[in-house]
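One chain, chain A, appears in both complexes that follow, with chain B as partner in the first and chain C in the second.
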Partner chain A sequence: MEKKPTPYERVVCKNTSLYHYMKINLVFDSRNKSLSAEQFKQLIITGLKDLYGEVGAAFPFDVLTFNQTELSAILRVYHSSLVKLWSAITLIGSYESVSCAFRVTQVSPFLLALSGNSREMEVF
Partner chain B sequence: MSPELEQCPRSLLVCEKGNFKNEKSRHESQALKHSFNCRISLLIPECGRLPVMLEKVLSNFSSYFHVQDFPVSTFLEEKWLDAVKKGGFYALSSKTRIDEDNVVAVLPSGQLILSLDKDTYEQLGLEGRPSQYSHRKTVRHIVTVDLKSLVLGTKKYQRVLLCLKERVPLKTDFLFTGGAVSLLDLLSKQLYEECRPALHCRTLQDLLCPSLIPSDLKGESGSVTPTQFLEWLGAVSLSISCDNQATSFLSTYACPEPQSSVSQALLCTVTGLISPQDVCKLLTEIRRYLDEPKLTSWVSLTVHGCADSPVSWGSAEHGFHKGGENFYNFVCFQNQDYWLHMATGAKDACPP
Partner chain C sequence: MSVFMDLNITAGTDKAKLQSTIETAAHLGYSTVAINYVVEGQKKKQLIPTPQPLAELFETFPTVQGKSRPIKVLNRLTVVATDASHFRPTNEYKNFDLLAVHPKTDKLFHAACMNYDVDIICISATEPQSFHFKRSPVNGAIERGVFFEISYSAGIRDPTMKKYTITNAVNLISVCKGKNVIVASGAEAPLNLRGPYDIANLGLIFGLSEGDSKAAVSTNCRSVVLHGETRGTALGIIHTMKRPQLPTEQPEEEIPAAKKAKTDDGSLIV
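Let's turn to the complex of A and B:
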């Protein structure tokens, strides 16, 4: 049976992504701190609570990947909460009284874009 | 809490569906329009080893060249102008950022595009236009020189030469690729390094896959929506696990429904400056691969653009705001139908 080819169709979607994805990593002053994924998430939630209070800290976000050796993670957050999450992690200055900082490597509304970041890539 | 905190820059996703056999199908021209690609990745479900024919195409991707401190005025030399007229090479300044530095690119159409900061633009003295993505105060200008129409010795030629050679002798690292011309001849005077695109393959076991229906692009009849599908594809390429418990503290990500389990899948990535011609060759080979009966009903091909190229689709201006993503994804089905998803970030034109 020869199937009829599907007709051409084009859809333009603006801001359809419900989420934003962030690639971040945590840098410590002295390099001898280890965290589990749960502790990492808890640290971010604490930061949110400090800046935005209980209500601000209540919005959900996901830790999609966590690399324990590099302390890097990919987060998924609703796009309406991106700015809040970003500002909160910027202001986190210490973990268990060791000073630390979050570095944001990439932010994108598409998770797929995080797998092909030309700024991080060594092509030669 | 102030509502401005909840706003985000815009993003665009253009979805198309069509059939490769359709005469008016634009799949090839769409791929050719996207000039600067830094990585492609190929996902083949129900496949354990890279098929020979596909491997042949992937390992025959053309080399690219890395040249250090290449003076931009070299493009005006006679042999370079001749090469431009013959049509075809891609050049992009490397390690330069579109929101911080001067970025230079040459398109196969013969256009030399300079995206310059305010100081360089004012010193250079070539006519340009303000960048589309400036704020109230213009801090970035785009100068386009059509190398194809430039004739040696004319007044216009002399002027461009004077500007690029004496007023501001711009020099940056470059990446070159592709084309009908022999880049080795052209680069003989320069210190260059030939690079091969790097191929990596990974076999994934027991993967949850969303079920795709070729005729249902928007996911209206209960299958996956384009955003869900792209998210899933991203999760696969970043090895994000789908099987999270409902009570999991860390993540609530799950594979979109309806889904099926795939015993194994092959994920191949090629990294390097990849010319659009090579992408087209690969696309043709994927279609041939699917022509024979296979367990899988589809294969996906993702092409990532460079975040810092001055153009994205065709010669549309590209910018960087929070992210500079510009990528497209083909899903090829067994009946020669295809889906094409083209995604851009905040400072990017709508794909053609």
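Let's turn to the complex of A and C:
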């Protein structure tokens, strides 16, 4: 009997992956605060600089997507600097002296995993 | 896996703010929170506050994210002690589920670790520690099952406080080797709170290992709550409680919804 080709591809990752992806969300007290993507990244870099100094501010990380209405973004960061980036994001408390907070929704070594959230999934 | 807890949410005068803070905590995934009442020792004859009845706070408690269970709220008292006379175990302390002490001097820290009947010893987050943590009292506290608390929200509010918080936390953790540490928020507003996984990550920069850091927001907090429960008992062996009056009438058995058949006119046939 002829075997049908599987509709999926199986990928096994044996080593720790090079990048980690973080899905984050910025929240403000008042709703009507808007940022551009550049300001958003600058805010994170300032946070890194506050906690880790010049060396910290020089970490390479990328903002892959940024949603200006929801202020949500996906970041890509090297595995080795994930802890530093995450802790810097945690300790950011204000933007232009307006209090704010970053909510980290998901962290994963696979970008595909961020496409859905099992915690908010609705099963039909 | 153990559930996450945040054992320090500052009780302000603003009820709406407290409510929204607890709602945020539930949304972030904390299953238990403790409302913290602070007594400053140096003010003369300050009355120990009575905890606000929890039923007044919420009609229905907010549901914890990912758990479909309502959040559990406890009351906690923190005594800020600058002098030995400030900590007097009175009956009023028994109104609270958890009891914490914030010692300001070396002597009091030693006494708090070795003798005081408390659940939590707070570590200063807003000022540099005026004394060194010594190994013997810290080990004594670990042996007695008393936990040390690091609160992080002052560090979020102010960059200078951030430095003090990290310094004091690193000092403590190098002495206690990551044992018996809990990390709590001390939040006054919803935006001072952070998610449990964020805090587990933050623990890494305090010098905790990955496992200890996660335990600091989950299993260690559970130990604190259990320690608080046994504090009111005799050596944790005997516990007396008033038995609730049994209802005289048995309530009618509820028929599960699935067994009810619905007719066209909307009436139910059982």
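Here is the rule we go by: the second predicted complex is superposed on the first by the 109 of 124 C-alpha atoms of A that agree within 3 Å, B and C clash if a C-alpha of one lies under 4 Å from a C-alpha of the other, contacts with A are read in each partner's own complex, and residues count from 1 in each chain.
Basically, a residue touches a chain if its C-beta (ideal position, glycine included) is under 8 Å from a C-beta of that chain, and two chains touch if they have at least 3 such contacts.
Keep in mind the model is a prediction, meaning the values are calculated, not measured.
In the superposed pair of complexes, A:V83 makes contact with chain B and with chain C alike. Once the two complexes are overlaid on the shared chain, A:L111 sits against chain B while remaining clear of chain C. Once the two complexes are overlaid on the shared chain, A:D29 sits against chain C while remaining clear of chain B. Touch criterion met: A:K14 reaches chain B, while chain C stays clear of it. By the touch criterion defined above, A:C100 reaches chain C but does not reach chain B.
Looking at chain A, you'll find residues 83-84, 107, 119 touch chain B in one structure and chain C in the other. Chain A meets chain C in the complex at residues 27-29, 50-51, 83-84, 86-87, 89-93, 99-101, 103-104, 107, 119.
Put simply, chain B touches chain A in their complex at residues 1, 5-8, 10-19, 21-22, 24-25, 38-39, 41, 64, 66, 94, 97, 175, 193, 195, 214-215, 217-218, 225-227, 230-231, 233-235, 237-240, 249-253, 271-273, 302, 304-308, 322-325, 327, 329, 335-337, 343, 345, 350.
By the touch criterion given at the top, residues 3, 5-21, 37-38, 41, 52, 56, 60, 62-66, 74, 76, 79-84, 106-119, 121, 123-124 of chain A touch chain B in their complex.
Within the complex formed with chain A, the chain C residues making contact are 28, 65-66, 152, 155-157, 159, 162, 189-195, 197-199, 201-202, 204-205.
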